[in-house]
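One chain, chain A, links the two complexes that follow: it is found with chain B in the first and with chain C in the second.
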Partner chain A sequence: MSENNPTRQSNLPDDQTFERQLARRHTRSGVWRGIFLMSTLMGLIALVALFGNVINEAFGTVAFASKLTESEISDVPLSELDGPALAALLGEYAPRRLRVIVRDELSVVSAAEFTTVPVSVALAHAEMPESMADRTITELSDEEVIQLLALNLSADQLYDHVQTDVIGLELLKSWPLSTTLFDYATIQAEFDALVEEKDPPNPHLEFRSWLNWDFVTGSQSSYAELAGVRTAIVGTLWIMALTMLIAFPLGVGAAIYLEEYARGGGWFDRLIEVNIRNLAGVPSIIYGLLGLAIFVRTLEQLTSGAVFGVTGVNGRTILSASATMALLILPVIIIASQEAIRAVPQSIREASYGLGATKWQTVWHQVLPAAMPGILTGTIIALSRAIGETAPLIVIGASAVIFVDPGGPFSKFTALPVQIWQWTARPQEEFRNIAAAAIIVLLGLLLFMNSFAIILRQRLSKKL
Partner chain B sequence: MESQITIQKRELIEAALTRQAANPQAGLQKRPRWFEQIIRVLLLFSGVISIFTTIGIVIVLGTESLLFFTPPAWIDSFKSLEELAYPTSDTLHVSDASAFVVGDQIRIINEEMLVTAVDLDADMLTVERGYNGTEAVVHNRDAEILLADVVTIGEFFTSTQWQPQLGNFGILPLLNSTLMTSLTAMLVAVPLGLFAAIYLSEYAKPNVRAALKPTLELLAGVPTVVYGYFALTFMTPLLRSLFGIEVVGIYNTASAGLVMGIMIIPTIASISEDALRAVPSSLREASYGLGATRLETVFKVVVPAALSGVIASFILGMSRAVGETMIVAIAAGAGPAFTFNPFKGAETMTGHIVRISGGDISYNSIDYNSLFAIGLLLFVLTFALNVASRVVTSRFREVYQ
Partner chain C sequence: MTQRELLNDGKHAIEIRNLNVYYGEKLAVKHITIPIARHKITAFIGPSGCGKSTVLRSLNRMNDLIPGARVEGEVVYRGQNLYGPDIDAVEVRRRIGMVFQKPNPFPKSIYDNVAYGPRVLGIRDRRALDQIVEQSLRQAALWDEVKDDLRKSGLALSGGQQQRLCIARTLAVEPDVILMDEPCSALDPIATQRIEDLMKELSVDYSIVIVTHNMQQAMRVSDYTAFYTTDESRIGDLVEFNRTEKLFSAPSDPRTADYIAGRFG
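On to the complex of A and B.
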């Protein structure tokens, strides 16, 4: 051993080198600490960029041109007028468009037949006075057509038509918020160039919040400035409600089985357990393919409502979407519920058994109430995951454009994230703007659900 | 709660007393409890739903993929008959014989035929009529000839062309871009996720950690379609301004991959952090006692000790990246392309499924079946990654007292 000593000695640095190396080691340690902190902050930066980008696109300046201005045709703001008044405006300023609107909105026959058959046939589903029924559309006077429009179209629809057919609002260009705030001169210059080049009637610049009440409550439209997300919101709410209805009892039931009935159980119980954990890792689009093959195709009779006498739809309905979503979030609900049930102290169960309660009585009256805050929180978190899921809905066939709000499990549907995807995919700048506005609506919905989960947990756990 | 228990107790006692009065001997025997049994079965059923789901996934993907690989897909050869063909004639005059080779299966209306000889000069085909049990019938002039395209497993995995209209089904372009976006994502998420985990577990004071951790988790709660929007409207313009508009396409895998990396940071960070925090502090103290700096302790002691958990988090992150759909569907491009250039658009497996199923796709078409073949490969890939991550965690975990 003593022979080794000199070599070991020579490996050690002398004092001066040691000091130098020590200083270097500490510097390096400090630098890396900075790198670690920066990496953590990158998440924060990404989040700020993400939201900032959405806000930047959801507000900004737009250039409009219009054939007429609102004040030229009406003393009160158009949005305050009722249906008949709007229909009258259409008659006054766009008499040639009247019958075209009737055809586009109400006709059930082909364009060729439309002018030759009586209106009671052409507009089979529309309300109309007896006196009009036997005549063709060309035989009706303008006043009668206006009456027809006022009877059958909502104020919203008529408002859109006044906007497009009378005012002829045309969106020329839109600029994001950042340009509006910091570089307005560019907007002005681009606007002037645009006016010079195209010479549109009544051009003007205005600040626009793409997210506004009309947007939230409006129906779909092929014009970005008139489009709204009501149909998509209604679709999303329907899907969430049905998903909850399917997934909640199944998920909690499975969790109760695994925790209360199958504790330390045999191979089958373990298989279920492992299987649930595997399912949690399956990409959502695979669930979409499963839903497409099983719910949309194989069970089409059921999911289209054909067995209940509903006609005219295929299997691409809200029910199929909800069933698919339910399978998707089932593992999340089961795992969360299992944890909540596991956290209930064993003493409560034993006390219940001691009083002579059966297993189910113990579970129903003691374990479940105690575990409920945890279960509900887990369920809401699972639902808020489902609310943003897009891929499975697209795969099972969310409709691109629907103008009727979904009214039940057997309706065709669209949903908020699907709508965002479709608008994002469009090349025009203004559709990015409304996609951003729709994203804010979606994030608002998510925020609402999550705060609801937090409040619920606090209130319920206080009671216990 | 107290009153609830009292009421319940009283009810139970009263029920027992009435039973006792009705039949003095009943209380001593074990009675079947039908209600309890039914409940138990119902609960078991809820648990079994998950097994059904797995079986459903496997069966659906399996059978539809099998359909994709077995029957010939009939694609348009864009050639037609030049002359009327009688059922007995075994030669066909076609508009261009060079489109066919010996051994091809062709179909006219419902009759299938096997090409046994090709005469290029005269544009004549010699065929075996009524092939596969179909009936030989008369065919008019200008009848369209369909060409069979059997998708073999070999072609599926080796061909670099994915053009369903032309009958080319090679998964490589889709797989390649899936791997490109996923690897780009890992390039971002592995260092950032691991470093964030190290900072949160080793450096951050409790109150700093309490502020930073929820922020990271917030990233995990953002819907993926929002990330897709971010990739297209923020990351792509950023890349284009950095590298030039001619170099970077409007749709490109780099932008999708980078944003996907941001999305995966919380997955890697939170699992890695759990693993790092599970390393006992005695190891750190021993390292400090030997004079190691904090950095040396982190890289030479803590991370190696938590390596199984850290690697498991990487694998799980990769699995999420492979299965991620909306970001790539929006930002990576709509068209299969076999390219290694991250600034070019290339459709991934998930992106392709979304685009094709987005339209009203007809069942039993080759397109419909191809979706399930891609889905099966995707399922196998993610399943293998998930299993790998679990094996790594359980097998290589260092257990400390």
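On to the complex of A and C.
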């Protein structure tokens, strides 16, 4: 019999047992709390380790040697000189490299033919004065070759050549940030040993931030210390913009159809829906293969721009990459938009219909504006996923090294993740440094996009 | 007057004839026949689930929006069956407007809420819209409270104001009939009072059908009352239709008497 309620037979523990059990129950919940805290900490540790690793690689000490120093050859900083001045420096300090540079950068014929055919043939795409056209490269004077370089190479390219051929800046070794901060003695010792062993000209140690403005704005180079990610950034921005342009209307359109027109529909509509949900989980490389088959190969005439009169490119263009990325994120956009549209209260639709609005008027004037913040959030999350995707771009055939910024949908391209992947695949230590710097740039771009999305969303919701 | 006589006196905004409504396989209400008198207020009362809202929503084809909903019988408006083959539901809803249980202004400004209907009908002229908005808000007795702040969000108004905004929004498309689905159930007594006063004013120019849970409200505002209930199989059924004072003072069916005496429902 329970004390409180004498008419009720109690099967519950008596007060003493209860108190003993209570302590045990509290202990158990304390243990679980600890386990959950641990899980959170593990995630945090992983995040810190990731950032730590990237930052560790992106900054550090480097040892350089150089044939000449900048101040020995020019009164003005080299980066401020224009093309002709840089070409002149090349002629003054590295006359024997002039024709090699022309061959490497401009020649369209084989190395053997290069010296024997007229320059108008050897450099078929280059600009040159009429007077040079009929002679071979060896018959041109040094001044004329300098003129050729100034006419046909960008200041960026010439700057890189001055750096490599005149100054001859040679990266001896690089050390990560952790060693720089906590074990500088080792760096000094290794540096001294290096100098002793190789006796390089003008050796010096300097602290280097691999992530710097020149890196962000610089073009590609096969030397890590000169390489930049501008072409990759431009490529990524182009791809993202076109992807958005393709995927957003298609995704929102499909979501509107599924939510507003096909609701409670037949087996066919349900089949579509299930498939879209499954598509969201397909590995990205499969989309890459699909893109390769459809956009790069089958639709080559379209994606290479041939039907629009663009020549000289194959289907491995920004347009193909964007179309593939659009396919990749389409299911995510559709699902997010569907959820946003479903979250619009039915009462708003009823009110609109009740005033004699048609379905389309209701969707356009009421449902879409109310769902827009959610749709945009979903789209940006999808784009954030796309911006870091590497596999499909590699399958489609992002160019390994391009020096020219992509200028439109029919350009060859590279993108940040592809660039990072290529750099990390190189054996030289210093490419890992610039890969880390590029990762920071990519993360920065991602952060910028996400904050833009948040601002946009808040401004849209405030209008209500 | 009997139901038959009421049907035949030719003064009806809408005549519901032998209406059955199904949701999927399930019959929700059966054999409903009610005349809706022109420029009068008709109240639908009854316990929950008796189908009074279902009948109301079939008057402007709002049930079309529910997948699986199906209607048999006729709803005659201006001599035409609203469920006839060449009737456009969009046109019907413009003529027969609706005010909902929960105030549901669009998440837009007061002005845009009222102007939405006319805009949907293709009116773009700024002056005409201004005029419609002012006239509708005046009719809904909201103008004096909001005239200085028409750009304010409709959602920033109080519940009662929101409901009057919804009424103004309905008036803006110049309907004949206004259907009100428990328009005061989410409002406090003072806001309710204002809506009831408004309904009486509006009944001079409009035919109004109101669904209400509140018998006192039906007694206060309506000219005619229809009492519904459900049978054992949960199918809604019309028990009695009559002039309001008649139905409440001398109900002809014992179930009506029980309900208005508060013995069930």
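Note that in this section the second predicted complex is superposed on the first by the 430 of 464 C-alpha atoms of A that agree within 3 Å, B and C clash if a C-alpha of one lies under 4 Å from a C-alpha of the other, contacts with A are read in each partner's own complex, and residues count from 1 in each chain.
Keep in mind that, in the parts below, a contact is a pair of C-beta atoms (placed from the backbone, for glycine too) under 8 Å apart; a residue touches a chain by one contact, two chains touch by 3 or more.
Because the structure is predicted, anything quoted here is derived from the model rather than measured.
In the superposed three-chain model, the partner touching more residues of chain A is B, compared with the other of chain B and chain C. Once chain A of one complex is fitted onto chain A of the other, the partner contacts of A:P345 are limited to chain C, with no touch recorded for chain B.
Once chain A of one complex is fitted onto chain A of the other, the partner contacts of A:H365 extend to both chain B and chain C. In the superposition on chain A, A:S384 contacts chain B only, with no contact to chain C. By the touch criterion stated above, A:W32 is placed in contact with chain B alone, chain C being left untouched.
Of the two partner chains placed by superposition, only chain C is touched by A:Y353; chain B is not. In the superposition on chain A, A:F448 contacts neither chain B nor chain C. In the superposed pair of complexes, A:F308 makes contact with neither chain B nor chain C. Residues 355-358, 365, 464 of chain A touch chain B in one complex and chain C in the other. Residues of chain C touching chain A in their complex: 60, 62, 65, 67-68, 90-91, 93-95, 97-98, 100, 102, 104-108, 116-117, 120-121, 153, 155, 166, 169-170, 172-173. Listed in rising order, the residues of chain A touching chain B in the complex are 25-26, 28-29, 32-33, 35-44, 46-47, 49-50, 53-54, 57, 249-254, 256-258, 261-262, 269, 271-272, 275-276, 278-279, 281-290, 292-294, 297, 327, 330-331, 334, 355-360, 365, 384-385, 387-391, 394-395, 397, 400, 417, 420-421, 424-425, 432, 435-436, 439, 442-443, 446, 450, 464.
Note for the complex: chain A touches chain C at residues 263-264, 345, 347-358, 361, 365-366, 369-370, 464. Interface of chain B with chain A (complex): residues 1, 4-5, 8-9, 12, 16, 33, 35-36, 39-40, 42-51, 53-54, 56-57, 60-61, 64, 191-192, 195-196, 198-200, 202-204, 212, 215-216, 218-219, 221-230, 232-234, 262, 265-266, 269, 293-296, 298, 316, 319, 322-326, 329-330, 350, 353-354, 357-358, 360, 363, 371-372, 375, 378-379, 382-383, 386-387.
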